[in-house]
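Right after this note come the structures.
The two complexes that follow have subunit A in common; it is paired with subunit B in the first and with subunit C in the second.
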Partner chain A sequence: MEIFAQLILSGIALGMIYGLIAFGYQLTFATSGTLNFGQGEALMLGAMVGLTLVGHMNYWLMIPLVLVFGALQGVLVERLGVLPALKTKSEFGWIMTTISLAIIFKNVAENVWGHDDVTFPSPLPTAPLQFFGLRVLPMEILVVAGALAVMLAVEIFNRKSIYGKAVVATSNDRDAAGLMGINTGMVITFSYALSSMTAAFAGVLVAPLTLTGATMGAVLGLKAFAVAIIGGLNSGMGVIVGGLILGIAETTTGYYISTGYKDVPGLLLLLLVLAIKPAGMFGKSVIKKV
Partner chain B sequence: MLQIQNLHAGYGKVEVLHGISVEVPQGKVVTLIGSNGAGKTTTMRSVSGMIRPMSGNITLNGKNITGLASNKITRAGLAHSPEGRRVFSTLSVTDNLLLGAFPRLTFGRERGDVQGDLKRVFDLFPRLKEREAQLAGTLSGGEQQMLAMGRALMLNPDVLLLDEPSMGLAPLLVKEVFRIIRELKARGITMLLVEQFAAAALDVADYGYVLENGRISVHGPAEQLKNDPAVKAAYLGAAH
Partner chain C sequence: MSAAKIISAILAIVLAALLPTIWPNPYYIHLMVVIGIYAILLLGLDIVVGYVGEVSLGHAALFGIGAYTVGVLNWQFGAHFLLTIPASIAVTALFGAILALPALRVNGPYLAMVTLAFGTIIQILINEMTFVTNGPLGLKIRKPVFFDYHVTGTDYYYIVLVALVATLFVVQRILKSHLGRAFEALHDSPIASDCMGVSVYGYKVYAFVLSAAIAGLAGGLFTYSEEYISPNTYNFELTILFLLAVIMGGRKTRSGSVLGAIIIVMLPNVLSDIELFRKIATGIAVVTVAYSVYALATRQRTLKQVALPVLATIALAVSGYMMDNITDHRLTIFGAMILFVVYYLPNGLMGFLRSIVQKYRPQWIHRHEVILEHGDKHHVWSVPDHPVTARGHLLEARNITMQFGGLKALNEVNLDIAKGSVHGLIGPNGSGKSTMMNVLTGIYKPAAGEIEFNRKHITGATPSSIAGEGIARTFQNVQLFGEMTAIENVLVGLHHTFKHSLIDVVFHTPRCKKEKNAAYLRAASLLQFVGLADLANEEARNLPYGKQRLLEIARALALNPSLLLLDEPAAGLTAPDIKELMAMINKVRGHGITVILIEHHMDVVMSICDKVTVLDFGQKIAEGTPAQVQSDEKVIEAYLGGSAAA
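And now, the complex of A and B:
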């Protein structure tokens, strides 16, 4: 029983990272109907830039700089990959361009930082804390708190500020938002900046727990995509629950069955959700009016 | 105030409007009537920048707005209450209305009396005041229409485009919509109105244009159009 509880706790931290990356997918999908398939690489770049900066400064000072870097990287992806596809009304062009950019980012990272995975110095003590006989790493608590804080901040922004409302309006009906005087192109660029910023932040949160390297993003990005599909591409609650389910399924399967099979339950769940409720567990199906 | 000259527009390669010219003078209500598919909504969309005209010239207050993005045209002083209402369903009634004044709410400070305008819209549409905190998607069709009109008014526009404000509404609500259009006219708001109820539209309008297959077939003062035998036969019907 104690081991089971321990596995769930570790699963939660992992799941919140998936949830946070999946949240980034949702941000751009809401405003533009497109996704950045290089979300995992945005995370990796955030972690690598963070690692370089940590050599010169404190972890907490590094975070705002990584966030700025993430936002700029998101703008670059949108301008280079997504905007041209949206302009030519190419329905699927953005899929290819964001994947291409992801591959380029990975190659650049390999050339700049090398092929080897390195450890990221933890800003918090690495000795686990004890709660009722369960061990929790301080960094795991930071991951959960950080992920929730980002989602909460975006939610408050959307509800309270006029710019946030403009983002929601653009997600509701892009043409009608334009009629309000909202520059919807800017809103989409902004959502890409926010999305990559979220991923970069997830990168520096997860890096001290895992190894950091040019290939770290691909698997995380893919799993987070599964989470976004399982939870629903338009449900904030969905990515948290979806992330937790996938994270916990991984740690428990890894322990009770085999680490070789740890990705299977989550992917089975993905197939199941697609078969039974394609809009996701919490997603609202969108009726496309013609 | 608003001038459309020799406008050609359409979707993709299909031309819907084959060179129409319409003029909306300051303080007047001008209506565009015609059967389904004649190009009424396409005209409205071209004017507000929802679609890019193929050729022609549109000027607002002497400023050329042809082919500008819709957000720029809105900022130039033109509000468009679109066909099908298009309210923001996951936002509250109040938020929908505030977004109508978006250009005056940016950069952290309010320009002009947005709260006063909000109050005036609520005075005009008491139903919206009752439902101010409700999500727009949960409103009835009539209430959504009021919201779409109120949202457009929040801009304090120089010209207001109303596209099919009575579409899909019960007869009583249609009457209510026309009462409000009359009220707006009395306040001196310049309007371009597209309506399926041609007779009611010509009653409230000063001037009318009849659109047939993407061309203006007849135009003239509303009184004159109402008595035009051809217009009567084609659009006003025996019932009116």
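And now, the complex of A and C:
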């Protein structure tokens, strides 16, 4: 029982990272109906840039710089990959361009930082804390707190500020928002900047817990896909719960069956959710007007 | 197929058969075998990517499943080639179905996301399930043996060539049949496709399973070609290469798939030789600069338009000289190539060639099959697939409520349609008329209420099954298959008359030919009925608005409906056209088809309707004969506002 509780605790930290990346998918999907297939690479670039910066400064000072880098990277992806495809209304177009940008980023990272995985120095003590006999790493607490803080901040921004209203309006109806004088192109660019920023932030949060390297992003980005579908592409609550379910499913499968199979329940769950409730567990199915 | 096409196809096959004698080097023969195998897979992938318009990121994994089916059957049971290859097709098709059935239920990028995850999982499973697959160590397989004869590399080339030609033949036949037409229709207008009884979901799954089966064949052949398989071959990079090949060769062409296969097999060889790469990159840069200067001088392009490609190609050439090793940058080059193709060659190399030929020899390019069938009056009408058994009311809708958020677009509306009548449905804008149409045809699922049609409950049924029951419709905002010709549009409506199977399609059996000829005659007759016989081979999007509305009626009649729903058919028609339309509706009724008519032209409604229902704000406010409705105070109030008596 104690082992099980321990597995759940570790699953929570992992799940929050998945949730945070999936949240990034939602941000762009809401405004433009597109998502970045290179979200995992955005995370990886954030972690790699963070690693380079951490050699020169303190972890906490590095974070704002990584956020700025993430935002710029998001703008680049939107301008190069998504904007032209949106103009031609080609779903195939943006899927292919974001994928090709992703493999370019990964390849460039390999050539700049090398092929080997390295450890990221932890900013917090690495000795686990004890709660009722369960061990928790201070970094895991930071991951959960950081992920929740980002989602909360974006939610408050959307609800309280006039710019946030523009984002919400664009998500509801891009054409109508455009006619009301909202620069929807700008809003979409902004959503990509925000999305890559959260991914870069997720990168520096997760890096001290895992190994850092050019290939770290692909798997994380993929898991976040599963989370976004399981939870629903339009539900904020969905990504948190979906992330937790996937994280816990993974740690428990890894322990009770085999670490090799830890990614399998995620996909099965994904197919199951699509078969039963295609909009996701928390997603609203939208009635498409004719 | 024209004679020129058949001759060039035969020449191409003969040339391919002679290649091993021209290049007897085993290395080249092996390369050609791999090209053949990839071409088979790409022909299948193109059905999904080109025709149906979905993105699959799992074709490398499906390829791997095909390869491992052969490998495992051979390793565990020593099964023979003639058994393992069909098995790999069947197993891969099954996996395709498991993926497609859930993933295609929703619109959007779901298939891409699910297949991407699937690719990773398959690789993990092959690696982990050592007891079946021998895990990371891989499997060794020998080339097949027929009657004690060991097949050599050159023999195997011919086996693959036969498989490729067979696949080409089968895929070509399928895509030129009613199935291919269904794929194109659902890509063009999903909603119209569903309402014509061509289930979008069903045919997308069908296309994906077909594509998976072909990938399975390719995978199985690959195992015997390589004689060794290991899990890491079937990775994400291979999927990306396949997609690059499909779009670079040219979507929706068979030649594009073969060309794409040649490119991706040769590409790694080019990229392993830095000297060769430098020469090619410099060549591309020189050509691009020369073309840009020419285009600028003749003012075909602006400086802004040519700046990016010129800079990119120069950067490519320069980087070629700065790099000392190119394999490390391989993925960057793949990525850049995809970006280039998506932006500058959206129709691929074959599409590009086609556009050049079209410029100078437009008569050589046939984008559509030209159908010169002459229709006649005897073949316009046919009996409904489900005979009308209802007496009195053909359709009864009880207490229909449809809610959008807080707005009740329909509030407990009852609607009874008498058999054989023309029933008018009128009301001011926003009164819920079109919502009612959408509820009746299954596009909206009502929040409450029941619909009984021809003594069957159809509440909550899918649009395609409702269409199959015999309800056809036209759309207020025209929903034609714009890129298909007028007659092809009608043929989609006649999809339900094609009852023959895939086997019939492939072998062009008498049954297939008979149904096809009947459908062509019927389609031509229907076009003649609505007065579009001269425009049969014109693309629907090029027709004037009024003709598009008439074409929708012809397409709807093709469904052999017992109930026809016309949503503002007279909108955009001139006065003489409206007269013809009214005559047409009377003829439709004369043939026993019940009609529901939404219309704003009151003279039309009042002169041809037997009964009229008036909606306002989602409520039924009046019902009766045209004369009764016209004098109803509530109706006058709804239309003119205020009280008429005042």
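Just so we're on the same page, the second predicted complex is superposed on the first by the 289 of 290 C-alpha atoms of A that agree within 3 Å, B and C clash if a C-alpha of one lies under 4 Å from a C-alpha of the other, contacts with A are read in each partner's own complex, and residues count from 1 in each chain.
What we mean here is this: contacts are C-beta pairs under 8 Å (C-beta built on N, C-alpha and C of every residue); 3 or more make two chains touch, one makes a residue touch a chain.
Small disclaimer: the values here were computed from a predicted structure and weren't measured.
K.L.:
Is A:222 in contact with subunit B, with subunit C, with both, or with neither (first, second, both, neither)?
P.N.:
second
K.L.:
On the superposed three-chain arrangement, identify whether subunit B or subunit C touches more subunit A residues.
P.N.:
On the superposition, C touches more of the residues of subunit A.
K.L.:
Considering only the touch criterion stated at the top, classify A:178 as touching first (subunit B), second (subunit C), both, or neither.
P.N.:
first
K.L.:
When the two structures are overlaid on chain A, which partner does A:270 contact: first (subunit B), second (subunit C), both, or neither?
P.N.:
second
K.L.:
Between subunit B (first) and subunit C (second), which, if any, makes contact with A:93: first, second, both or neither?
P.N.:
A:93 contacts subunit C only, not subunit B.
K.L.:
For A:169, using the defined touch cut-off, is the partner it touches subunit B, subunit C, both, or neither? Pick first, second, both or neither.
P.N.:
Touch partner of A:169: subunit B, not subunit C.
K.L.:
Intersection of subunit A residues contacting subunit B with those contacting subunit C?
P.N.:
none
K.L.:
Hey, which residues of subunit A end up touching subunit B in the complex?
P.N.:
Touching subunit B from subunit A are residues 162-163, 165-166, 168-169, 171-173, 175-185.
K.L.:
Subunit C touches which residues of subunit A in the complex?
P.N.:
My answer: residues 33-35, 37, 80-81, 84-85, 88, 90-93, 95-97, 99-104, 106-108, 110-111, 218-219, 222, 225-226, 228-229, 233, 258, 260-261, 263-264, 266-267, 270-272, 274-275, 278-279, 287, 289-290.
K.L.:
Okay, in this complex, where on subunit C does subunit A touch?
P.N.:
49, 53, 55, 57, 98-99, 101-103, 105-106, 108-110, 112-114, 116-118, 120-121, 124-125, 127-128, 191, 236-237, 240, 243, 247, 328-332, 334-336, 338-339, 342-343, 346, 404, 434, 438, 443-444, 475
K.L.:
Mind pulling up the subunit B residues that touch subunit A in the complex?
P.N.:
Listed in rising order, the residues are 48-50, 69-71, 74-75, 79-80, 82, 86-91, 95, 98-100, 102-103, 105-106, 151, 155.
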